[in-house]
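I've put the structures underneath this note.
Across the two complexes that follow, chain A remains constant while its partner is chain B and subsequently chain C.
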Partner chain A sequence: MSLANGLYQDRSSPLHRVPAGVKVLALVIVGTVVFLINDWRILLAVLAGVTALYGIARFSPRVLWAQIKPLLWLLAAFFAVQLWLNDWQAGLVVVTRLASVVLFAGLVTLTTRVSVMLAALERAMTPLRVVGVNPEKVGLAFSLVLRFIPVIASVASEVREAQKARGLDRNMIALSVPLIIHTLKMADDVADAIEARSYDPIEKA
Partner chain B sequence: MIELQNVSVRFGTRCVLDDISLSLTQRRIGIVGANGSGKSTLARLLNGLLLPTSGRVTVDGFDTAKDGRQVRARIGFVFQNPDNQIVFPVVEEDLAFGLKPLKLPKAEIDARIDAVLARYDMGDYRTHPSHQLSGGQKQLLAISGVLIMEPRCVVFDEPTTLLDLRNRNRVAKAIEALDQQVITVSHDLDLLAGYDRILVVDQGKIAIDDTPQNALPRYVDLMT
Partner chain C sequence: MNTKDIVYVALFAALMAVLGLFPPFTLPITGVPITAQSLAPMLAGAILGARRGALSVVLFLVLVALGLPLLAGGRGGFGVFLGPTGGFMIGWAISAFIIGFLIEKFWNRLNVVNTAAIIAFGGIVVLYGLGNAWVAVAVDISYWKATVGSLPFLVGDALKVFVATGAALAVRRAYPLVSHA
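Up next is the complex of A and B:
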């Protein structure tokens, strides 16, 4: 599962020691800059640079491959469209841009603990308290998204298998209705569990 | 001490629990009953997850309706499905989550995480993605997430229902070894056999309140 592969992996590397806020800021800068560059050679150099950072962070090529593998079909589709509409250089521009951003984002999550990332996010959002934003709630929401994407994917897989056994694996209603019901029930249970663990972000707002 | 005084719970017109009064003082208390009998509702009243429609639930004198924070600091709750209880994607982060409101120093948080993981021989899983744990490990993580708060009582809502036999035994041993008062809702009668007191909930009432030796055979009769 891509998200599972995208989660923090403990290593002793300089990138792991860079503060979360700096890494997120770098991600924003890289994400912006690659969309301002239209030269495929420079973009290829950026991609090579991001790839080299995986080595500096002491990740094997397998970890890098796991980040990009789920997107291969999408990259291939973008390249094909650009090849059809323009030329191969335009295809390479789109593909290297997207791959650079995805790999850099993957590197940030691989080298940063979720709790550290959320703490940085909460700190960054503190000024927004004056307009009624509760940073703790936002942080918790992000954490829940990261935590429950694999769980919901697993439930979706179970539902698909169950409907396949009934010959309904191509029926969108048969697939989506149980998944939605299960997810809503799970949301209720998770809310109870958070309450049971004494989490009360309202108090801090 | 946990006390229920004339507690009733209604969902719309349906009466789920009807005028129940109990003092829960024993070290091990089991709650059994058919599906829909009200046993999970009873458990949820104990740490204020659910408030009574009428009557009063108190824990060491704190009212669940008014003193939720104090009640939940004393009563931990472990749910049937650990997947719904684990909030953070990494084991140590989930354990630290419950401690956040206490604003403890980092060293104290780390020490508590180390201690609770060592207790279940899960020290190697400290930085492991929580969704990649086995069912039994997830349930132990859910229990650890509660124990790290150092409650004086832990309520379990069908803690072994989703587990295979090996993991069921592992979790049963973990529950048995707890120093805290334990209140367990379960269909697993073997799990409750060594308890001090069994409450049988039937149609919103406490039908039987006795030792396991007396209560469990009567419960089996009631269900046949």
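Up next is the complex of A and C:
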């Protein structure tokens, strides 16, 4: 799992080919609709439908299981709470509702590359230019984060080594202050370097 | 937002991702895991100020939503926002903003006591207020029950207020950024 690809899993399926914007819109609709439905039978059908979509996307049951596994304990706890306060139907409503939304969202993430999602986001932001949002600036910020995560991670391990030598490797303040200051210094250098190359996102607008 | 502001925002978002890589340490007795990642919204507000601090959290959250596994434990994607803890993540951005706003207001009079109070207000009162409301709606329990359920996590967050206060005051001396905002 590389950082650039995120949680994306490549398959050749119709769902992988649906445009990112459409998938996100579908997610918003599903997320809204399941909170309006209060009948456990309909919600169970929705959950079955979402599960079937994993098959259409050519994901094995293992992929589906990996999506739902982190939630299992939480879902069991919520079911127990509803069982105690109301009845099993209410428990089923809460559990199927959450599982449907989380599985559908997982599907969107699994079938869409981060770069495609990022491009869709930048396109979607173009109308926001009117209210002063500059898509180029946002694009710059995104690429900077991706570029600097590994850099800052290596600074973090350097700081940790250095503080370990002083016996301070369990002191959160001694670990975070040098890391933050190093990050801010680096930000100044990066900003200078960007400006030295005459980068000016305002001009393009 | 000039170039420098954009870079501060971006590098702090990257820092937030890196803090998620630290192995979580588990509280004795209760067994509640504490991650360093939720320190970042407190630090972002207290060090970058309201606007840049909140934007760096938002930037981080958008990258998570787009499918990067940047949350502590390697989680990511849209699903985490729609799950029961989604309110806490949206709350991170708002708590960074509120902490930043108050830090800017009191910048010339900051000491250990008022800095800790500001960070505790934004990072605990506001954050839990929003997060628990979300839990209550998402799983259909009363607000009071959601609050009781969140109490075990309070220990870790109290600890983070302490760490964030120390770090914010040290960085304020070494690298003051808010006064130029």
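As a convention for this text, the second predicted complex is superposed on the first by the 127 of 205 C-alpha atoms of A that agree within 3 Å, B and C clash if a C-alpha of one lies under 4 Å from a C-alpha of the other, contacts with A are read in each partner's own complex, and residues count from 1 in each chain.
As a convention for this text, contacts are C-beta pairs under 8 Å (C-beta built on N, C-alpha and C of every residue); 3 or more make two chains touch, one makes a residue touch a chain.
Since the model is a prediction, treat every value here as computed from it, not as a measurement.
**Q** Quick check for you: in the superposed arrangement, does A:Glu195 touch first (chain B), second (chain C), both or neither?
**A** So A:Glu195 meets both chain B and chain C here.
**Q** Which of the two partners, first being chain B and second being chain C, lies in contact with A:Tyr8: first, second, both, or neither?
**A** both
**Q** Touch test for A:Leu144: chain B only (first), chain C only (second), both, or neither?
**A** So A:Leu144 meets both chain B and chain C here.
**Q** Could you look at A:Leu179 and tell me whether it touches chain B, chain C, both or neither (first, second, both, neither)?
**A** second
**Q** Name the chain, either chain B or chain C, that contacts more residues of chain A.
**A** Of the two chains, more chain A residues are contacted by C.
**Q** If you stack the two complexes on chain A, which partner ends up touching A:Gly21: first (chain B), second (chain C), both, or neither?
**A** neither
**Q** Under the stated touch criterion, which partner chain does A:Leu121 make contact with: chain B (first), chain C (second), both, or neither?
**A** Only chain C; A:Leu121 stays clear of chain B.
**Q** So which positions on chain A get touched by both chain B and chain C?
**A** Shared contact residues on chain A (touching chain B in one complex, chain C in the other): 7-8, 114, 140, 144, 146, 151, 186, 190, 194-195, 199.
**Q** Mind pulling up the chain A residues that touch chain C in the complex?
**A** Touching chain C: residues 1, 3, 6-8, 24, 27, 31, 67, 70-71, 74, 78, 81-82, 85, 90, 93-94, 98, 101-103, 105-106, 108-110, 112, 114, 117-118, 121, 137, 140-142, 144-146, 148-149, 151-153, 156, 172-173, 176-177, 179-181, 183-188, 190-191, 194-195, 199 of chain A.
**Q** Going by the contact rule at the top, pick out the chain B residues touching chain A in the complex.
**A** Checking each residue of chain B against chain A gives 44, 47, 49, 69, 72-73, 76-77, 79, 81, 83-90, 93, 96-98, 100-101, 127, 129-132, 145-146, 149.
**Q** Which positions of chain C touch chain A when the two form their complex?
**A** 1, 3-4, 6-15, 17-18, 21-22, 36, 39, 43, 47, 59-60, 62-63, 66-70, 73-84, 138-141, 145, 163, 166-167, 170-171, 174-175, 177
**Q** Along chain A, where are the residues that touch chain B in the complex?
**A** 4, 7-8, 10, 113-115, 140, 143-144, 146-147, 150-151, 154, 186, 189-190, 192-200, 203
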